[in-house]
Amino acid sequence: MNEILLDARQVEKQFGGIRALASVDVQQAVGETLGMIGPNGSGKTTFVNVVSGHLSIDAGSISFAGAPISGRRPHAITRAGLTRTYQAVRVFSKLTVADNLRTTALAAGREEGVKDSHVRELIHWLELDRRLDAIAGMLTLFEQRRLELAMRLALRPKLVMLDEPVGGLSAVEITHMMKLLGELKTRYSLFVIEHTMRVIRELADRVVVLVSGQKIADGRPEEILRDERVVRNYLGSQGA
Amino acid sequence: MNRMRASKDMWLWISGAALVIGLALATAGNRFAAFIIGIVFLNVLWTAGMNLLYGYTGLVSMMTAGVAGIGAYGTVKLFLDYGWSFWFAVPVSAVGAAAVGVILGLPALRLRGFYFVLSSLVIQVALTLVFIYFPQFTNGDTGITQIPRPGLWLPGFGAVDLTGPGFEIILGLLALAGVAVVYMIIRSRMGAFIIAIREDDLLAEELGIDVTRYKVMVFFISSLLMAVGGAFYAVYTGFISPRSFDVLMSMNIWLMVAFGGRGTIAGPIIGSAILVPIPFLLQELYQIKDIFYGSLIILVTVAMPAGVYGTILKWWRVRRQKQNTAVAPVAIKRMPAE
Amino acid sequence: MGVFGVELRRRHEACRGGDRCGGGVLGRPLRFLVIDNQTNPTQALAAARSFDAQDKVLVISGPTSSDNALAIYGYAEQNQVPFLVPVAAFPQLTKPGTQWTFRLEPAAVGWGYSIAKFVEQKKPGAKIAIMYSDFALMRAIAAGLKYQIPRSNLTAGPEIVFPQGSSDATIQATQVRAASPDYVVVIGAGAFDNTITNQLLDLGVKPDQIIHPFGFTTNILGWGARSVGSYFGTFFDHDLDGVTAEGKKFIKDFAEKNGRPPSYIENFCYTTPYVIKQAIEQAGTVDRAKFRDALRALQTKETTSGVPIAFDKNGARQEYIYYMQITSMDVAKKEYSAKQVFYMEWSPEVIPVYDLVK
Amino acid sequence: MVDPNLLIGLSMLTTGLVLGAIFALTAAGVTIVYGCIWLPNAASGQFFLLAPLVAWSLSTAMGWSPILAVAAVLIAGLPFAYLLERLLIRRFYDVPDRNIAYFVVTLGITQILSGVFSITWGQWSDQYNIPPLAEGVVFIGPFPLPANRLIALVGALALLGALFVGLRYHRFGRALRAVFQNREAAALRGVDVQRIYLGAFLLGTSVIFAGGLLYAMAYSFDLSVAWSMGITAFAIMIVGGPGSVLGALVVGMLFGFVQAAVSVFASPTAATLSYLLAMLVILLLRPSGLFAR
């Protein structure tokens, strides 16, 4: 196994007596694409929230790229190279696409903003060239998803955590997004929460299954998707 | 491109300076009109600070008058009781007032939305009480009267008379400088960040922007502008009392920004220029002043959330877009090729 | 207006007209500043400036009872405009060195002084409790009273300060009652004055133990019929012994128009144009400095009561006060009657007015 | 001679009860509106003043009996609140962050009302007394309590009790509480949220009116009451927890007794400052208040 990038150990999170995360262990290696699946309310998004610093943990430890990050504020974690997206797409919806990207580039310390070569490549690759002057909130959902992705990649992260990257997209758009994520996978470490099994099957090198805040399985997708407990606890209920 | 912008900006500021000097000189013969102009200038400075805070960062602070009051009382204390030069007392007390403002406001800055508004309101009320109940510093609710205008000695000019239009010119240049500070901040990295904070502070933080740090910086800078304005207000009008810096003043400054157009450079200037003279010119109607202001607040919030200038800008943008559409229709979303 | 309350409100309608001078004297306009305590000081200053620079008035005068008086005072002194204040009792308006400001109403510190003199004459050695609201005016009255109590060989009882915005005084009234003072001086702001008075009466304090430093019609009626027998200070009342024929006409006309008798505030406003007219006639010109000098030298009398009017070198009025005892009241009809029980005149600086209030 | 400490103790008790009950009632009105609609009504102090001013005019200038005047004001308050909701309040129901918009709008209403007061009632008098419903004093042990103030106290406690029971057991009260807790969930369960908003605004505003009327029965009042009461009610709501009627009740009573007790042991000025301090501390440390669910 490669060098460990994300290392979460015995992570605990409670909400008013309910254990949202119960002693969860997750390790991710550099270059690896890790999938996380589980029923609604199983704690997947909570896990991303504690890793990205939006929620504090009650017990356990999280380290990233060799340094502990639990207790640090979200912006510091972002600067350490960990970025994330949200289930509901999140961009500055009243600003233009260009301003969204410019702000992000400046936040990453790239003074040229949209003219930065890396940012321009991203714009081109994610086909946002013709939408730069549009107000972000007026874009289609798929365009917003691509903008969101462009913003995260402009930060030059070491790890991108994607919370349901194809949620709400049409079949054609999913195919397109899959192609983009496939290319992304070759250059970045990805962490993907998804309900669409196709995404997990095609993208993930390894899959972690959360049920009621507990990790019940961890392994290669083809094994996991056949695992009896997983099928009973999650896939069965999905009818997949 | 950048050089072009810089030179265009330079011309803008020079004509701005010419405009304020011209206004001050034009009203030199009429001390009443000059006074209105002077108060408008002060309010332009105050609204510039409020605009940075509310218009660009999205923080509705109700304690701005209190901070201006600290600047004013501090300056007057140093100037009159300790015999400092006014020009030295202003920066010292302004930095002091801004520091006090930040220390008081710091815990509140962690709060979001309405809770920040309310905390700042409570702090404002408490500051007013401090102004009233610490008469050894403030002379209590009767106020401090007969504050003299400072003298000024400029190399090359010698002693400058500040009892006439000289002071209005200084106020005008000060206002211009305040607006320029805000303009430069908005053009900078920091500007992009605070706008991001206004739009979505969680997302801003997620993108690696230290939200708290920028909020504190903005709060400090705007407090500085408020406090400087307060100090000049004291010597310009010659009188300060707790009521000069009460919550109604905070609200009025907010109203000028909202009415003129938040988050635009010109909006608050327009707001000040329209709203400040009204109570002075309609003195006979002083009784309905509160009703007028209250109605205006509601009107702006309900019907014109972008303010006068913001509404004009929007209308202009829509018009331009329509023209553009006529020339080259915006392409319908292009499906990327496999 | 402070956040916690309107500064003592007093009624100014009678001052708005200035109709006694028919719009002007010697061709110069006579204009009255209309400023109440809701007006922001900046606006008060703008109004003063407008009268000075735009209208070129000879004299600024206006009913100003709040900090606005001090604001305009500063303007008047700095810009050398005569400023005649009908109703504002802050001593600072005539502090030593004042050149252009004249005050018709005696200073509040003196009111406090006169209470002690009044009690000294009524009941030597009496014990006096003070209950007052924390406003500049009330503090000044209390300061004068506290200064004079030992000098008049009186005994100081409990002293209670209420913050601006208080609404209940039951406990404090109980405390005061427990100390059994001979007199309680009540100096509340606005409606709270009524509350203190009534709560003292509830607890068994007798009306004739209560002294209000000042009483004007609306607040006398506010104390209610229960307070018949209590004392109040004033500078003019419809039941004064010495009301002149002109004074009687003024009272009658005012009552017909407003449905209640006038009090000292309206009387000061009535007197102001008369004083201005006298001074202009003496000066024989409408030059501001000469007018100021004429005011300084003025020796005249209130036309309504015959009380002398003269100013000292700082522009302070030669002071005087009446104490009245309420004899009957009909709140519904807005009527009361009172009898004059004490009168005194004194020079402002028999007490250190300007040291007691900064 | 009665023991002065007993008298002072009894006066503290009655003052604490009267002030506390009126504070609690007013804050309950404010908190119902905020908890349900998310409307922090900055004009609640002006509403608190409006009701007794109208009652004062009716009972003195028009010569109505005080009981009739009070009842008339309470009834007339309903269409007033209804109109306000229809014309202004409902426009913001779907605005995100609407509490800030509401705060600003109600500050505007505050300005308008205080302007109206100063050119109307402010010209007519500078202090107002509503004629007492009952004359005389009732002795509580050795302590004389005016009958009128006793009526105000009983009225306030009765209203508080009714409010508390009504919110807990009445159908509308339960729906209101459901909306307090989670408006989406309540909407999903078939509660007509907009109707509940309207109901909450009418109820909360009427309760504030009632608080003002009871205050005016207990004390003389003037225009400055609006500011001090508005701030006090807000402080109670914040400390008790916005939306918590129980919090308003407990903290309101507490504030009443604090004002009563502090003025015995320290200066009355300290009591006023202590409200502000309590509010600030709670805002900074626990913005959801002491009685948050």
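Going in written order, the chains are labelled A, B, C and D, and every chain counts its residues from 1.
Simple rule for what comes next: contacts are C-beta pairs under 8 Å (C-beta built on N, C-alpha and C of every residue); 3 or more make two chains touch, one makes a residue touch a chain.
Keep in mind that what you see is a predicted model, and the values were worked out from it rather than measured.
K.L.:
Going by the touch criterion stated earlier, list every chain that contacts chain B and also contacts chain D.
P.N.:
Both chain B and chain D are touched by C, going by the contact rule given at the top.
K.L.:
Can you list every chain in contact with both chain B and chain C?
P.N.:
Chains in contact with chain B as well as chain C: D.
K.L.:
I want to compare two interfaces, C-D and A-B. Which one has more contacting C-beta pairs?
P.N.:
Most C-beta pairs in contact, of the two: C-D.
K.L.:
Taking each chain's centre as the mean position of its Cα atoms, how many Å separate chain A from chain D?
P.N.:
Chain centroid spacing, chain A to chain D, equals 49 Å.
K.L.:
Per the centroid of Cα atoms for each chain, what is the distance between chain A and chain C, given in Å?
P.N.:
75
K.L.:
How many Å are there between the centre of chain C and the centre of chain D, using C-alpha atoms for each centre?
P.N.:
That gives a centre separation of 35 Å.
K.L.:
Could you state the distance in Å from the CA-based centre of chain A to that of chain B?
P.N.:
42
K.L.:
Which chain D residues touch at least two other chains?
P.N.:
Where chain D meets two or more other chains at a single residue, that happens at 118, 231, 269, 272.
K.L.:
Touching two or more other chains, which residues of chain A qualify?
P.N.:
If we look for residues of chain A contacting two or more partner chains, we find none.
K.L.:
Among the residues of chain B, pick out those that touch two or more other chains and give their numbers.
P.N.:
Counting only residues that touch two or more other chains, chain B contributes 125, 129, 133, 290.
K.L.:
Would you mind giving me the full set of chain pairs in touch?
P.N.:
Here the touching pairs of chains are A-B, B-C, B-D, C-D.
K.L.:
Name, in rising order, each residue of chain D that touches chain B in their complex.
P.N.:
So the residues of chain D touching chain B come out as 40, 88, 91, 97, 99-101, 103-105, 107-116, 118-119, 231, 234-235, 238, 269, 272-273, 276, 279-280, 283-284, 287.
K.L.:
Sort out for me which residues of chain B touch chain D in the complex.
P.N.:
Chain B reaches chain D through residues 60, 107-108, 110-111, 113-115, 117-119, 122-123, 125-126, 129, 133, 251, 254, 258, 287-298, 301-302.
K.L.:
Of all residues in chain C, which touch chain D in the complex?
P.N.:
Going by the criterion above, the answer is residues 1, 3-6, 9-11, 13, 36, 38, 134, 160-168, 170-175, 177-178, 189-195, 198, 202-204, 218-219, 222, 224, 331-332.
K.L.:
Considering only the defined contacts, which chain C positions touch chain B in the complex?
P.N.:
Touching chain B: residues 1-4, 7, 34-35, 38-43, 45-47, 49-50, 52-54, 66-67, 70-71, 73-75, 77-78, 90, 92, 134-136, 139, 164, 358 of chain C.
K.L.:
Show which residues of chain A lie in contact with chain B when the two form their complex.
P.N.:
Listed in rising order, the residues of chain A that touch chain B are 52, 54, 73-76, 78-79, 83-84, 90-95, 99, 102-104, 106-108, 111, 127, 130, 140, 143, 151, 155, 172, 175-176, 179.
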